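Each of the next two complexes has chain A plus one more chain, namely chain B in the first and chain C in the second.
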Partner chain A sequence: MAEGKLCNRKPINTEEELKELMADRGGRKYYEEMESLDVDQDALWSSIRKTFLSRLKTWIEICARCGMCADSCFFYLANDKDPTQVPSYKIQSTLGEIVRKKGKVDNEFMRMTMDTAWSKCTCCNRCAIYCPFGIDMGVMFSYVRGLCFSQGFVPWEMKIGSGMHRVYRAQMDVTTEDWVDTVEFEEEGIEDEYPGMKIPVDKENADILYTLNAREAKHYPEDISEAAILFNLAGENWTVPSEGWEETSLTMFAGDWEGCKMQVENVYDAMDRLKPKRMVVTECGHAYRATILEGPYWAGLKSGKTPIESIHYVEWVAEVLRSGKLKIDPSKKIKEPVTLQDSCNYIRNGGLREVTREIMSYLAEDFREMTPCKDHNFCCGGGGGLNGIGRYHKQRNAGLKVKRDQILATGAKFVIAPCHNCWDAIRDMEGIYKIGIKWSFLKPLLLDMAIIPDHFKPEEE
Partner chain B sequence: MYQFVTGPLAWLAFGVFFIGLIVRTVLYIKGLNWKMDRVTYGVNTKYGVKGAFRSVISWILPFGTHGWRSHPVFTVITFVFHLSLLISAIFLPAHNYILKQKWGVSLITIPEAVGDIMAIAVMIAVVLFIIRRIALTEVRIITTAYDYLILLIAVAPFVTGFIAYHQFFDYELWVILHILSGELMLIAIPFTKLSHFVLFFLSRIQIGMDFGIKRGGMKNSGFVW
Partner chain C sequence: MFKNILFATTVSPDCDDAASYAFDMAMKYNAKLYIYHVFGLPSHGYSRFVINVKTGEKETYSKEYDTLVKEEIADTYSELIDQYSNCEIDCTIGAPGTEILRKIKKEKIDAVIMGAHHQVEDAEAIRYRNVTGDTMQRVAKSAPCPVLIISRPFTKNLWNLRNILCGTDFSKASLAAFRFALKFAKVNKSKLHLFHAVDITGRQFGKVPTQSEIEELVNQARNRMEEIYLPEMDGYMKIETAVWEGIPYVEILKYAREQDIDLIAMAHHTGSIFHKKDILGSTIEEVVLRSLCPVASINRMNVLENYEGFLA
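Coming up: the complex of A and B.
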C-alpha cells in the first residue's frame, strides 16, 4: 500500500524524522504525497468496530436532521449561513459516510474528511448544547481526527506537533536543558527587581506544582517571570518540575491518542516524583482540557482525575484575590470598559464560568459580558489547533468574524483572554480586521495592580 | 380481519415494541465505556446523576433551554406534535376500550373531541415539518428520504384514525388501516430513528453525566442548557 516518505501512517518518533518533515517548508511535498496516500480500509474499519460505541453510534443514528444545531456553530454564522457548515451535515457527510460504507472510502474522501475535521470544526462543543439529543460534534470530530491521524491524513503542522510531543514531550523543541536554562535566566531577571524572589525547580512537597505551555518557554519567557513574581507575592510554596512541565497537547488536536498518553504521563510522573499538594496550570485552555480533564482517561486512571488535585490559573487567581493573599491596589483597577473571552475548554467544558466572573469583580470597574457568554460563548475562532494550520488560514480568518462582532457589540476595546489560543486568535483578528482593540492575559494585569510587600522591595541605597 | 389485527398482530406489535425498546436500552448501556467516552460513570456518580437530571428536565420543558428558546416556532410545533401524539395514543377512549376488552385494564381517558383536535394537530405539525424540511436550506441539506419515511410512519395512524372516526369513507376498512398503521409504528420504533422514544432519554442522560462529572459539573452550580 502506497505511503509517502513524509506523509504516511507512521507517527514521528525521532528527532531526525521531525527535522526532515519540518524542512519541507509549508508542507508542500507532504501534501503532494498525501494525494497518493492509500487508505488502509481494513484497518480503518477494524478500528471503527472497536471504538465506535453506543454513544457515537446513537448520535449518528438518531440525529433527527432537524437543523437546530445550525446557528449554534460559529462557522455557519461566519460563512453567511452556508448549509455545508451545518454541524449535522459536516459529521454525516464524513464520519456518517465512513461508517455507512464500512470504511470503504478512498483517498479523495479522506482528504475531504481531513479538511472538514480541521478547518470546519474547532471542537468547541457548542453545537452539543443546542441539539435536543445532546449530539456533540466536537467529540465526534475529535474522534474523526483520530481516524484521520491513524491513516496519515493529518495537516502538516499537526503531524509536526504530534512529533514534537513524542520527541521532546513538549509542543515545541524545548529540551529539559533549554527549559531549566530558561528558568534560571528568568530567575536572575526577577531577582534583580525583587530581591529574594526565586523560581524553585524540582522542590519536593511544595503546595503548588506549576506547569505551563512550551510557547512560554520558547517565545514568551516573560510569562514565566510574571507567574513567578505573582506566586512569590502571594507567598506560595511552589515549584516547577524540570521534567513534565509542559501542559499542552498538540497530540490532542492531531488525534494522536498514543502521543496524548505519553505526554500526560510525563506530567503525572512529575506529580509522583515531587509530591506537591496541587498543580496549577497556566492561562491556557486546551492545556487544561488535555492534561486535567481528558488526560486521566488517556492514562487509564479510573478516578477520572489527575493523581493530585489540579486547577486552572483562573481558579488560583480567584482564590488568592478572595483570600487576600494577593492584594490589589484598588486605585489601579481597570477603569475602561473591558470584556472577557471565555475559553471553550475550561468554561463550557470545564465549569469555570463562576470563578472568572469573580476575578472580573476584583479587577474591573466596567466589566461587559459578551453575548452570548459563559457556557454558551462562541469559540474565539482559532481553537482545536486551527490557529496554527497554514492550509486553513483563510477559513480561520473568516471564522474570526463572529468573535469580532461579539467584541464590538460590548463597546469595550479591551479583551482579557486567559487562554493562549484565544489570545492568538484575538491578536490575529486585530491584525486582519483592525478594530482597535487591546488584549491581555491576566498575569501582566495582576502584576500592574498588585501591592508589593515591603520585603520584596529593593533596599534603599 | 378485525379480530386478527387487534388480536395476534397487536400482541406481536406490542411485543416487538416493548422487547425492542428494552434491548435497545440494554445495548446502549452495555456499549457505554468510561475510557472511550471519557466519563467515569461509576466514579463521582452523584454529580453525574445531578447532571443527568438537569440535562433531561431542561430539555423536556418547552422553552427550558437556550436551544428551544432560540427556535420558538419550531419548539411549539415540536412540543405540540410530541405531546399530542403521545397523549392521544395512550389516553384516547377508543384505545382504552380495546384495552379493557382485551386485558381488563383501563387508564384515564381524554374526551373524544380533544383526541380529535390532537389528531389534527399532529397532522398539521407533520405538514409544517415537511415544509420546513423543504424551505430551510440548513434543514434541506441534511434531509434524506428516510426522514420523510419516518414522518409518514408517524402520521399514518392519525390520518387513518381521523378518517375512520369521522366515517368519511368505509369505516370498517379505515379502522383496520388505522390499527395496522399504529402497529407498524410500534414495530418501527425500536428499529428506526423513532427509537429516540428511549434513546432521547439515554442520550440526554449520557451527555448530562458527561457535563456533570467531567466537564465542569464538579466545579460550578450545574450546566446551563
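Coming up: the complex of A and C.
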C-alpha cells in the first residue's frame, strides 16, 4: 500500500524523522506525496467500529439537517452564508459519508475531509449550544481529525506538532536542560529588579505547580518572569517542574490521541512527583482543555479529573484580586474602553465566564462586552491549530472578519486576550484588516497596575 | 581586554556604523567577533511561520532559509570580513532581545555592539510596537556586560579614550556604570567626567522653578555625588565632576561636546522592562540616538565581576 517518505500513516517518533519533515519547506513534498497516499480502508473501518460509539452514532443519525447550526458557525457567517459551511453539512459530507460507506473512501475524499476538518472547523463547539439535539460538531470533527491522522491525511504543521510532543514532550524543541536554563536566566533578571524573588524549580509540596506553553520557554521567557513576579507579589508558595512543565497539546489539534496521552501523562507525573496542592496553567486556552478537561480521559483516569485540583490562570488572578493578595493601584486601572476575547476552550468549554468578568471589574473602568459574549462568543478565528497551518491561511483570514466586526462594534480599541491562539489571531487580524487596535495578555497589565509590597522594592527607592 | 565581542545586527543600513565600530574594536583587542542576526519574530501560538524582522514579511523557517540569511550577512559585511576574518556569522529565529541575551551567555561575550534604530509602528501588539527599540532596551538592561550602542558615524580616533563621561542619576545601576567607567578610565589613563543633570522639566506640573530652587537642587546633587562617589574613587585623581541643570539628555550631550568626550557610560536605568511607558523617551535612549561618541550601557554589578581579572 503506497505511502510517502514524509507523508505516511506512521507518527513521528524520532528527532531524525522530525528534522527531515521540517526540512521540507512549507510541506511541498509532503503534500505532493499525500496525493498518492493510499487509504487503508480496512484499518479505517476497523477503527470506526471500535471507536464510533453510541453518542457519535446517535448524533450522526438524528441530525435532521435543520440548519439551526448554520448561523452559529463563524465560517458560515464570514463566507456569505455559503451552504457548504453549515456545520451539519460539513460533518455529514465527511464523517457521515465515511460511516455510510463503511470506510470505502478514496484518497481524494480523505484530502477533502482533511481540508474540511482543519480549515472549516476550529472545534470551538459553538454549534452545540444552538443545535436542538445538542449535537456537537466540534467533538465530531475532533474525532474526524483522529481518523485522518491515523490515515496520514494531516496538515504538515500538525504532523510536525505531534512529532514535537512525541520527541520532546513539548510543542517545540525545548529540552529539559534548555527549560531549566531559561528559568535560571529569567530568575537572574527578576532578582535584579525585585530583590529576593525566586523561580523555584521542583519544589515539593508547594501550594501551586505552574505549567505553561512551550512558546513562552522558547521565545517569550519574559512571560515566565511576569508570572513569577506576580506569584511572588501575591506571596504564593509555588514552583515549576523541571519535567512535565508543558501544558499545550498540538497532538490534540492533530488528532494524535496516542500522543495526547503521552503528553498529558508527563504533566500528571510531575504532579505525582512534586505533590503540589494545585496546578495553575498559563494564559492559554487549548492547554487548559487538553490537560484539565480532556487529559484525564486520555490518561484513563476514572475520576475524569486531573490528579490534583487544576485551575486556569484567570481563576488564580480572580482569586488573588478578590482576596487582596494582589492589590491593584486604582489610579492605574485601564481608563480607555476595553473589551475581552473569550477563549472557547476555557469559557464555553470550561465555564469560566464569570471569573473573567470579575477580573475586568478590578482592572477596567470602561469594560465593554462583545456581542455575543461569554459562552456565546465566537472563536477568535484561529483556534484548533488553524493559525499555524499555511495551507489554510486564506480560509483563516476570511474567518477573522467575524471577530473584527465584533470588536469594532464595542467601540473599544483595546482587547484583552488571555490565550496564546486568540492573541495571535487578533494580531494577524490587525495586520490584515488594520482596524487600529492593540491587545494584550493579562500578565503585563497586572504588572503595570499591581502595588509592589515594600519588601520587594529595590533598595534605592 | 575584550575576548569575545558580539555584534548584533539587523543587517540593515541602520547597523553600518556599528559594524565598522565592531570590526575596529575586535581588531584592536584581537577578539573573536560574533556577527549575530535574529531574523524572525515567532508567534505566541503554534506556527511554523516567522515574521522577517527586516522586511515584515511572513516566512517559513527552514535550514535552506537559514543558509540564505547567513549568506546575505556575509555579503553585506564582506569588505569588513576581508580585513578581519576572526569572526563567526550566526542567526536564529526568536524574540531578538531574548536571543541576543542567550547568545551573550552561551559565547561568554564581554562586550556587545548594537546599532541604534528607531523603526516604529509595526502592526504589532503593544509589546512589539518598536521591535528594534525594544531589543536595545532589553539587551542593554539585562546584559551582564557593557552594551555599546552606535547610532552615528564617528570621525575621530575611537581608541584614544582621553575623556570618559559617566552620567549618573544616583541609582544602584548608575553605580555599576560608574565603577565600570572608573576601571576603564584607569586602564586607558583617561580623564573621568562624573556628570549629573538636574531635571528641571515637568517639575511640579509645569511650574517653573525659581532660580534659588534650582540652585538648591544643584547643591543637593553635588552633595549626593560626593557622598556616593567620593569613597569609590580609590585615589584616582583624573576625575572631574559637574552638575548642570536642564533637560538631562541635552545637558549630557552638551557637556560631552564641550569636553570632547570619547565615550559615554550610563546605566540604562528605566525602572522595569515591563513598564513600557517609563522607558520610551528615557534619557539614555535620547543620548544614544544623538550622541557623537559611542554610548556604553552598564546596569549590573556583575559586569564588574566579569572584568575583575584584567581590569584590576
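Everything below uses one rule, namely that the second predicted complex is superposed on the first by the 460 of 461 C-alpha atoms of A that agree within 3 Å, B and C clash if a C-alpha of one lies under 4 Å from a C-alpha of the other, contacts with A are read in each partner's own complex, and residues count from 1 in each chain.
The rule is simple: a residue touches a chain if its C-beta (ideal position, glycine included) is under 8 Å from a C-beta of that chain, and two chains touch if they have at least 3 such contacts.
Values in this document were obtained by computation on a predicted structure and should not be read as measured data.
S.K.: Give one of first, second, both or neither to describe whether A:E61 is in contact with chain B, with chain C, with both, or with none.
M.R.: Touch status of A:E61: first partner only.
S.K.: Quick one: classify A:D136 as touching chain B (first), chain C (second), both or neither.
M.R.: Touch status of A:D136: first partner only.
S.K.: Just chain B (first), just chain C (second), both, or neither: which does A:N387 touch?
M.R.: In the superposed model, A:N387 contacts chain C only, not chain B.
S.K.: Kindly classify A:D42 by the partners it touches after superposition: chain B alone (first), chain C alone (second), both, or neither?
M.R.: neither
S.K.: For A:T51, is the partner it touches chain B (first), chain C (second), both, or none of the two (neither)?
M.R.: After superposition on chain A, A:T51 lies in contact with chain B alone.
S.K.: Check the residue A:R353 against both partner chains and state whether it touches chain B (first), chain C (second), both, or neither.
M.R.: First partner only.
S.K.: Which partner does A:G189 contact after superposing on A: first (chain B), second (chain C), both, neither?
M.R.: A:G189 contacts chain C only, not chain B.
S.K.: For chain A, which residues belong to both interfaces, chain B and chain C?
M.R.: The answer is that chain A has no such residue.
S.K.: Given the complex with chain A, which residues does chain B contribute to the contact?
M.R.: 27-40, 43-44, 55, 59, 65-67, 70-71, 74, 133, 136-144, 147, 193, 195-196, 199-200, 202-204, 206-208, 213-221, 223-225
S.K.: Touching residues of chain C toward chain A in the complex: what are they?
M.R.: Against chain A, chain C makes touches at 42-49, 60, 62-65, 94-95, 98, 101-102, 105, 123-127, 142, 170-172, 272-275, 299-300.
S.K.: Give every residue of chain A touching chain C within the complex, in rising order.
M.R.: Going by the criterion above, the answer is residues 22-26, 156-157, 160-161, 171, 185, 189, 192-193, 213, 215, 218-222, 226, 248, 250, 253, 382, 385, 387-388, 390, 420-421, 423-425, 427, 430-431, 434, 438-440, 444, 447-448, 458-460.
S.K.: Spell out the residues on chain A that touch chain B in their complex, using ranges where they run on.
M.R.: 51, 53-55, 57-59, 61-68, 70-72, 76, 81, 83-84, 86, 88-89, 92, 128-136, 293-294, 297, 300, 302-304, 347-355, 372, 374-376
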